[in-house]
Amino acid sequence: MEVRGLVKHFPIRGGLFQRQVAAVQAVDDVSFTVRRGETLGIVGESGCGKSTTARLLIRLIEPDAGEVLIDDRQVGSKTGLSLKALRRDMQMVFQDSYSSLNPRLPILDTITYGPIVHGMPKSRAREKALDLLRKVGLDPDTYALRYPHEMSGGQRQRVNIARALALDPRIVILDEAVSALDKSVQAQVLNLLMELRRELSLTYLFISHDLEVVQFISDRVLVMYLGKVVELGPVAALYQAPQHPYTKALLSAMPEMDVDRRKQEPPLTGDPPTPINPPSGCRFHPRCPFAEPVCARVEPLLTRLAGSPDHVSACHMAIAGSGHSAAPETQNSSTSRIAEPPKESARP
Amino acid sequence: MTAYVIRRFLYAIPIALGVAVIIFSLVHIAPGDPLSALVPADAPSSVVERLRRDYGMDRPVPAQFVLWLGRTLSGDLGVSIATGRPVAGELTRAVANTLLLAVCASLIGFPLGILLGGVAGYFNGRAIDRIATATAITGVSVPHYWLGMLLVIVFSVELNLLPAMGMGPGGSSAWAWDWTHLRHLVLPAVTLSVIPMGIVTRTVRATVAEIMNEDFVEALRAKGMRESQVVRHVAKNAAPTALAVIGLQLGYLLGGSILVEVVFAWPGTGFMLNTAIIRRDLPLLQGTILVLSMFFVLVNLLVDILQTMLDPRMQRA
Amino acid sequence: MAEPTGATALGTPADDTASRRTSPRGYWTNVAKRLRRDKLTLFFALLLALVFLSAIFAPWLAPADPYATSMLKRLTPIGTPGYPLGADELGRDMLTRLLYGGRLSLLMGILPVVNATVAGCILGLIAGFFGGRVNMAIMRAMDVFYAFPSVLLAIAIAGALGAGVVNTIVSLTVVFIPPITRITESVTTRIRKQDFVEAARATGAGNLSLIRVHVLGNVLAPVLIYASSLVSISIILAAGLSFLGLGATPPEPEWGLMLNTLRDAIFVSPWVAVVPGVMIFITSMSFNMLSDGLRHAMDVRM
């Protein structure tokens, strides 16, 4: 799947006539690629746009600009993938296990709903649902006719996973899917997810603010800040040697069990800004310990890092000739931006 | 804040306009020729023709509406079929009488309702609560016109303590604040106050009970605050909802007084409405309803603004 | 597959006591169970059933002809042999008139609420589900009707249309549509924002299917409770309209109309005059208690 230049701004209304006075720039020119069969973790603080991005991908919200391609077919265009076909390819598991389930329906009906909508005959849908329940570790005889309020959080989340799998999607987006669960239950569900991925050849987009969980389950990790992608790379590389200052700060904020590696000072300074009026240039520059004047003037674009073609970072320190004192002289591999910016670049 | 007030005010205008449209169309949904609803049956044809032109009956309906609106805004509410006198004149006295009744009913019903509801909510679940709730439910279930009749039977017919009807010697133009007149006010006011009291009790009780359950009340007590102060805090939180309900009930009192006024022959707007209905006097009906609903819109507007002033959270940005 | 895939080193899915039951508890089974334990509500339900049955079976239960007048027997007091509840101002047997009167009173009270619920539900669902301009258009229109106190609106419409049972029903239906629309819209909007609706939408379902399967079931409960609480008001209003001469017309037996015609009799035979009001009171109160009890049993937050 390829994402290009997704933009979504939410209007804020105010004043006497409720005119639009400002906009929350929730997602601003986000681009990345997801490879078949991998798990891409998406991390960031609350409000950075991860959930909005997820909803844009699955078209629960319409983007203001940008495109999504699956297998080189564009979603929503006449020649590409229709919305209905998209639904069969991509599904989502939500954070709140309880509100994700219709309290009036037995969970079997919740799971069969999707297939029936797409034309599957009822008996076959039921069989499939029962089979899925078994796959996610819930005994069909005990649970099939239960109501959501008769189940625990972990069990409900398994139902949500089963529901997402009912349409045989290839891509599953997990939006903070385990964040609301107890740690022990989290581990079980994560293991389940990994087994399912192997068994059904799925591709995951795993959104979370919990860095440890993301490290456990992801192959590559994407870091978002204030509506923009700031770093993207293989999980090991990103966690061992983070390039973007924000990623560095996030990782150092992880509670450390090893006493020797604990830090005393908080890594991030300043207040988190609002996405309504984001800072100019690099959005992270007000809080960045390495910020220089160029960071406030020019917005850094995602650039491949020297030596690791798979690892990109949106920081002037990684861009040759950007004007930052720590920038390299030249780029070993060809400098290339990941996506064409929709607007004029201000780079010198 | 001022922006909100202005916006709320501006918002009331299309509502008022909508109300006017509905009232205007009353004449048109009445069976028969709209004009026949507006003039007495035995009027000479010349008068009928003149009125037809004046009201613009030969023009399309929207034009008629504009004409009617213009006349109304300038104070001309039409002429009553039954009495032949302008509606506006009849109404002023009637409105004053109804206001008198409504205010008295408010003074009885609202404080009682707040007190009863507050006590019931505070002692949530205990005996007092159940008694108060039972009283409230009875209050809203009882047909007030029937209650009026009951009170008349008990106090006038059997006990001969209070008068059964009217506004006192001399009628409405001779009102004075003395017992001979006030005794006529007692029964109607009490009767009218019952339903609002019931509703206020129920709402206040629910609100107070909900607030008492909230964590911050426990926190206050844990801080060592005296119970009376806790009560004051609870009251402050309950105030906006209570105010909202009272505002609504004020509207009810204005509009719903008709049934009570009929039972007690109290010469207010309600009584006038009744006369208009019996005599099929549509101009009178229209005019009275128009005035009453405009009052209601105004009261709602004021209550909304007051409520926002008390509770900034309620301001819709 | 020998083992459920969920079993890991940490053990099978955490089981709490909830999973030990094998039979699923339906939502309505729970409600019925709670209702059965609520003695007070049951009592009023019984009372209401009695009122209904006596109205339906009036021709078999009533001792006399509801239209038979007798100038001699005017205003016979309660308890006179042959006239257990007395006779009205035209000599007709009160008990008979009360039994027959129930038919019209109940009809004029319940039918408007039923109609308004259907209409208001549809409007509210559309407004709540589609949001945006549609919502604004519908709700603003309702706001205009809200600018009238209900009694006034009822009288205005009924007054313009004229007396009669049908006119009263029409008028009251119009009066009750805005509140039902309002609450339906509010609940629908709340439900629409829930994750499970989003999830259902993510499966690619169409709007109609979404509404039918996911929204409607969750919306109906609070709306029906609210509607049931409106019935008690409706009964009082309908009888009130008759009291003013706008509802049922003489010589039809109807509780409100009877109160009206008996009004002058309170000076002569007071207790006969109040009997119809007792029926209105009992019916209204029973509906009120029933609706309250239903709300407790369904444990619904609005």
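In order of appearance the chains are A, B and C, and numbering begins at 1 in each one.
Here, a residue touches a chain if its C-beta (ideal position, glycine included) is under 8 Å from a C-beta of that chain, and two chains touch if they have at least 3 such contacts.
Source: prediction; values computed, not measured.
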Chain whose mean Cα position lies farthest from chain C: A
Core chain by centroid distance, with centroids computed from Cα atoms only: C
Where chain A and chain B are represented by their mean Cα positions, the distance between them in whole Å: 56
For chain B paired with chain C, centre-to-centre distance based on mean C-alpha positions, whole Å: 24
Chain centre separation in whole Å, for chain C relative to chain A (CA means): 49
Interface residues, chain C side, partner chain A - complex: 1, 4-8, 10-16, 18-19, 21-22, 24-27, 194-196, 198-206, 209, 213-214, 217-218
Residue ranges of chain A in contact with chain C within the complex: 58, 60, 83-84, 86-88, 91-92, 94-96, 99-106, 110, 113-114, 117-118, 134-139, 142-143, 145-147, 150-152, 154-155, 158, 160, 163, 166-167, 184-185, 187-188, 191-192, 195-196, 199
Complex contacts: residues of chain C adjacent to chain B: 140-141, 143-145, 147-152, 155-157, 159-162, 232-233, 236, 239-240, 243-246, 256, 259, 263, 266-267, 270-271, 273-274, 276-277, 280-281, 284-285, 288-289, 292
For the chain B and chain C complex, residues of the former touching the latter: 14-16, 18-19, 21-23, 26-27, 29-31, 137-138, 140-143, 145-147, 149-150, 152-153, 157-158, 251-252, 254-256, 258-259, 262-263, 273-274, 276-278, 280, 282, 285, 289, 292-293, 296-297, 300
